[in-house]
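What follows is a group of structures, each given as structure tokens.
The two complexes that follow have chain A in common; it is paired with chain B in the first and with chain C in the second.
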Partner chain A sequence: MQATSTLSRDLVLEVSQKLQEPRWLLEKRLAAWEAFARLPYPTLKTEEWRYTNLSKVPLEGLALELPTGQKLSRQDLPAQVRSRLEQAELSGVAVFVGADLVYLELPEELQAQGVVLTSIAQALQTHEAPIQNALFRTVGWNEKLQAYNAALFTHGAFLFVPKGVEFDAPIGVFNYLEGGRLSIGRTLIVAEPNSKAVYIEEYVSPTPVHEGVNLSVSELVLAQGAQLRHSHVQTLALGFYHFHRTRALLARDARLNDLTATFGGTLARTETQSELAGPGADSEMLGLYFAHGEQHLDHYTLQHHAEHHTKSDLLYKGAVKDRAHTVYSGLIKLEEAAQKADAYQSNRNLLLSSEARVDSIPQLEIAANEVRCTHGSTTAPVDEMQLFYLMSRGVPKHVAQQVLVKAHLYDVLTRIPLLPLREHIERIIEEKVRL
Partner chain B sequence: MTEKTPLLEVRNLWVKLPDEEDAIIRGLNLTIYPGEVHALMGPNGSGKSTLAKVLSGHPGYEVTDGEVLFRGENILELEPDDRARMGLFLAFQYPMEVPGVTIANFLRLAYQRRFDTEVKYTEFYKILLQHLKKLEMDPSFAGRPVNEGFSGGEKKRFEIVQLSLLEPVLSVLDETDSGLDIDALKIVSNGVNAMRSPERSFLVITHYQRILNYITPDYVHVMVEGRIVRSGGPELALQLEEKGYDWVRGELAGATAP
Partner chain C sequence: MAQPDILNLDQDYTQKYGFHDDIQPVFQTERGLTRRVVEAISHQKNEPKWMREFRLQAYEIFMRKPMPAWGPDLSRLDFDEIVYYIKPTDRQGRSWDEVPDDIKRTFDRLGIPEWERKFLAGVGAQYDSEVVYHNLAKQWEEKGVIFVDTDTAVREYPDLVQEYFGTVIPPTDNKFAALNSAVWSGGSFVYVPKGVKVELPLQAYFRVNTAELGQFERTIIIVDEGAEMHYIEGCTAPTYSTDSFHSGVIEIVVKKGARSRYTTIQNWSHNMYNLVTQRAVVHGDAYHEWLDGNLGSKLTMKYPSSYLIEPGARSEIMSIAFASTGQHQDTGGKLILAAPHTSGTIVSKSISKGQGRASYRGLVKVYEGAKHARVNVECDALLINPESRTDTYPYIEIEEDTAHVGHEATVSKLNDEQIFYLQSRGLKEDEAAALIVRGFIEPIAKELPLEYAVELNRLIELEMEGSVG
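Take a look at the complex of A and B:
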């Protein structure tokens, strides 16, 4: 696989040229590069990064993984991806190995309705207008890591769902990372008015790996009345540093159901943001994480209500064991125009060891006066009385603890109507409990 | 009688809360033989429920003296699950809600441990339904989270479902009657009576005599201030009902006066 190690303006030019991008995109990349060069990395003094230390992360120490044009047949895909494909009951599949889209599959029935699933680079040949209109619209380059991504992303999926087209079986996009490199990917989903789609993005790797850094961004643009169910599932091996931002822009009456599930990596910072930009927009954000060993898993969420009669509901639940550390910080922001908005935010953490650490910081910023808004956070060990109750019926302590961890996390899972995905996540949780 | 081995023998038991000086149970003695039903009565705060919890291994209490022999073994050092597998069962006064854990999943684990067997989910489900039916609980309870959203009466009935399923040799019923209307009380009592056998014993803890109309005890004990102050036959419960606990308290005061 090709890679290059020095970050420079020339590298931006090289990436853009390699992908045969139009002029406007190169110009945006160069603007992002300028911002990247100017902005400092967040430190522990940066309010939103208070509990996550980047000083030991090789953010500029690894070679950027570049596309090579590799293609694979379904049976030659990495084993981790194949086993997921067998179980996941997907309607469409895209697999990236490193910076290459190596495998693609979309049912003719969806293609006939105008649904597009391919790489952004490929889609620029046929769907330049919607891409130009949407790319960088929700995530620009005003922050360091986002500027890094905008200037240098080498790959990523594009999903286009035309007006009124609906499908319920999920599209699955797998990002297979081999480690030892810097990987920068970007996803763009454009859901036209009154369309309905289900999309799962997974980050997987072999195990064990050399140190690797993943810097990814997912932009979700939902037009009026569009419905999107989006899941971000990260199960990378230890050794990975995963930095991701998902940001959705919801027009009037659009509905987003987001799930962020984080289990892997040495350090992961996953941000999920939702901007409710039209009346009637509705955003459900679910989060699930489980940290073990020395893992550091950080989640940041934003529920940004820009308009009246908007609704957001957030539930993030985590468990932490051994000496691991999890962070949750979430902001509900209600602008002056957001009258009659309804915002709910809850973060619940289960502590499984006295050496584990949880930081949870829910925040509110309210400029409107007629809103319904509640938030809360709890961090507690396993309930001794529940444990006693289960044990008093003959269930041994370690089994009772497993049962209670699963129970703690399962009420998020029960809100996801994608059974194969739920079962996959349940298995991961069971494995982690036993670790 | 004397050639039999006691099922439970509590000898000079002293119990307190970890951060308090005064003992709640103060030198209690109690012996239960196989097949016997004992009622333990007493006013609020006399230590009845504490005894129930200590027997089952509740982590919130400290035993400062004495021993508890169950089937000849001192169980005070055993974990609650070990005691349960030996056949000890506590029907909780306030059963815990365990959201996210279904009754079927939970009780399958318990059943497998109690009888040291593997049972398939579908097979277990059939077994569970029989026991739910005995206590007149809807089959849909099998898929519901443990005790979550149950009425007080449903929680109590579900305790007896578990008792019926796990076939303990010693069942401790901690105020199972409180909060039950007369119909529920009959259902619960029938469930218990159906379990009575020459091998199986019960310790029925209650504040009121009412439940003893349905579950007839062999012995009645009165507990006051952490110890048993009086024991007798079923007639003692009736006397208590008539005269109230002050009667025993008064006798006690008289007896211990110089």
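Take a look at the complex of A and C:
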């Protein structure tokens, strides 16, 4: 695997050249590079980052992982990925090892309908127009980490779902990271009018690893009436610093069902944003996190209602034990045009140790009056009555405690119709509860 | 329902509160803030050395501290345009007859002497920078209650003042606390001895008469073990085209088993920047309540805080904010739980009308070791017009696994069905709207002494005039 360590404008040129990108993309990367060079890193004094300290993260200390052209057969894929493939009941698969798309599989019938699943670099050969139209549209380079990604992303998946095409079996995209490097990936999903798709992106690694940084972005562009179920599942090993932003743009009557599940990494900051830009747009945003040891898991959400008759419904549930720290902050923003909007935001935290820490900042900014907007946040230990009840039935205390933690988190999973994914996440929780 | 007899609120404000007097101050400092101004204030007050040094140190801190990086826009607040100290008169009265006639007329028009006779235990009245009237009913004085203006307290109770001054809110706390510490003048000093229960409220009334004046009162309240008291402050000012500035610091110590309540009915004119730091330290099994009504001002930033530092301490923060066009009420509350078995609630109700903006900003912090802490926060916002705005910024920080903390907020508009129902019963649309708004704030308004509740309802009625339909 190839890597290079110093960040420079030349590195941007090198990456773009290596991927044989068109001129317009290089120009955008260079504009992003300018922004990156100009912008300061967020600090604890930056309002959105006041609970997450970046000063110890080797953001520029590791070599950037570059593509090498490596390919693998299904049986040569990393064990973690193979076991997921056996269980996940996927319709299409893309596996990235480092910066290489090493394995790809998409059923004939989807291909025949015009569905595209490949790397962005590859797709530029055949689908340049929709990519040019959508790339950087939801996540640009006006913030430091986003500019970092835009200037230097080396890989990432592209999913294109043509007008009216529907499928229910999920496409699974695996990002396998070996650690010791800086990995910068970017996902682009373009869902044309009245299409319907299911997409799972997972971040996995061997364990243990050397210190690694992952800086990823997912852009979801949903045209009129498009439906997308998107899941982000992060189970990286300790030692990883994971920074991710998913941002969806929803046109009229589009519908997003998002799940963000965070279990891994030494420090993870995962942002999920929905911009409801057309009447009838509807965004469900679910979140699940469980922190142990010294983990620091930070989630930031935005429900941005830019138009009238839009709806968003958010539920983030977390558990935290040992000396871990979780942060949830989220904003519902209703513009003046967002009359008759319906927005809901709920954050529920379970505290399992006196040394653990939870920060919760659910926020509202409302500039329209004919709206329904409610939010809530709770932080509490396991319910003593429930614990008592289970113990009175002969369940030992520690087992009862585990049952209740699982119940707290499974609650979110019941809202996801993807059974294999639910089972996978339940297993992770099961393991974590015993740690 | 009583018909509001005045059609326009601004007109009413001008009549009722917005008038100003042409008084000749006996002393005032030059415009702007310098070390010399701070020294001049201290010299004018003939203060002991420790206070002069405290002021000068605070001045240095003020100059060093940056403006807050969060929250509302303060860029148009010009520290150089403000007069920091105006002494309207040489004497302070203990009876209204001793107050200079033109100033007395002001408070007569505001109804303060009448209220004092009717239902207050004591009254302080501050006019621009100085307290012009201060009186405590004899029965309380005999029980050892102290209720004087803070300048008098520095002279007459130096030990007590020095023990508490700046301990709850040090000058380093924030830029405006530093400013107040440098140029403070007036405010009340209250001491309620052990076990004494002051049954009637003490009231301070703050009046700003001069344009472009900064009023910086400093209030210190000590409620000793097992004692009880209720303090009310009211504020008004004339309406000028230029901005005025009010930045008070209120420090409260509630000792073991004591109970206290601090009520604010702030109705500054709409050209006032109102940036206030209020904080109570609550000891074991004691209880403190903040009742915070923000109706006036151009911009208010005020987050009454309670620090629950010993087991069993409790606190409740109730606030109402009303923001109409040209107003931004950035208010809320903070509960800091630093001991086991402490608890508190925050209830915030806001109404935004026209282009008004009401923001709730709050903090709940449970420190490690504060076992079995419980906090509940409820924020409800009511939006009257399509261009009205509201925000909610609650910060919740929990370091203790036995803590139960909940926060809930709702935003809604005036309910069409309710208005329609009331109209079908013969109410006019804006009467119906006023009735619904009164119902919305009822849970907090009912906690006010009757006279204030009546006043609050009347203000809401006027504010709602012509606001819908």
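By our rule, the second predicted complex is superposed on the first by the 435 of 435 C-alpha atoms of A that agree within 3 Å, B and C clash if a C-alpha of one lies under 4 Å from a C-alpha of the other, contacts with A are read in each partner's own complex, and residues count from 1 in each chain.
Note that a residue touches a chain if its C-beta (ideal position, glycine included) is under 8 Å from a C-beta of that chain, and two chains touch if they have at least 3 such contacts.
If you're wondering where the values come from, they're calculated on a predicted model, not measured in any experiment.
Once both complexes are superposed on chain A, the partners chain B and chain C fit side by side without clashing.
By the document's definition of touching, of the two partners only chain B reaches A:Lys397; chain C does not. Look at A:Leu13: by the touch rule set out above, it reaches neither chain B nor chain C. In the superposition on chain A, A:Val371 makes contact with chain C only, while chain B stays out of contact range.
In the superposition on chain A, A:Glu355 makes contact with chain C only, not with chain B. In the overlay built on the shared chain, the residue A:Gln363 is in contact with chain C alone; chain B does not reach it. With both structures placed on the common chain, the touch criterion links A:Ala31 to neither chain B nor chain C. Angle at chain A between chain B and chain C, computed from CA centres in the superposed arrangement: 70 degrees, to the nearest 10. Looking at the shared chain after the overlay, A:Gln386 reaches chain B, while chain C stays out of its contact range.
Of the two partner chains placed by superposition, only chain C is touched by A:Gln339; chain B is not.
Chain A is touched at more residues by one of its partners, and among chain B and chain C that partner is C. The gap separating chain B from chain C in the superposed three-chain model is 10 Å, by closest C-alpha atoms.
Under the contact criterion defined above, no residue of chain A touches both chain B in one complex and chain C in the other. Residues 56-60, 79-81, 83-85, 89-90, 92, 95-101, 105-107, 109-110, 113-114, 145-146, 162, 166 of chain B are the ones touching chain A in the complex. Those residues of chain C that touch chain A in the shared complex are 69-70, 368, 371, 381, 383-413.
The residues of chain A lying in touch with chain C in their complex are 45, 47, 336, 339, 349, 351-381.
Interface of chain A with chain B (complex): residues 383-386, 388-397, 399-400, 403-404, 406-408, 410-411.
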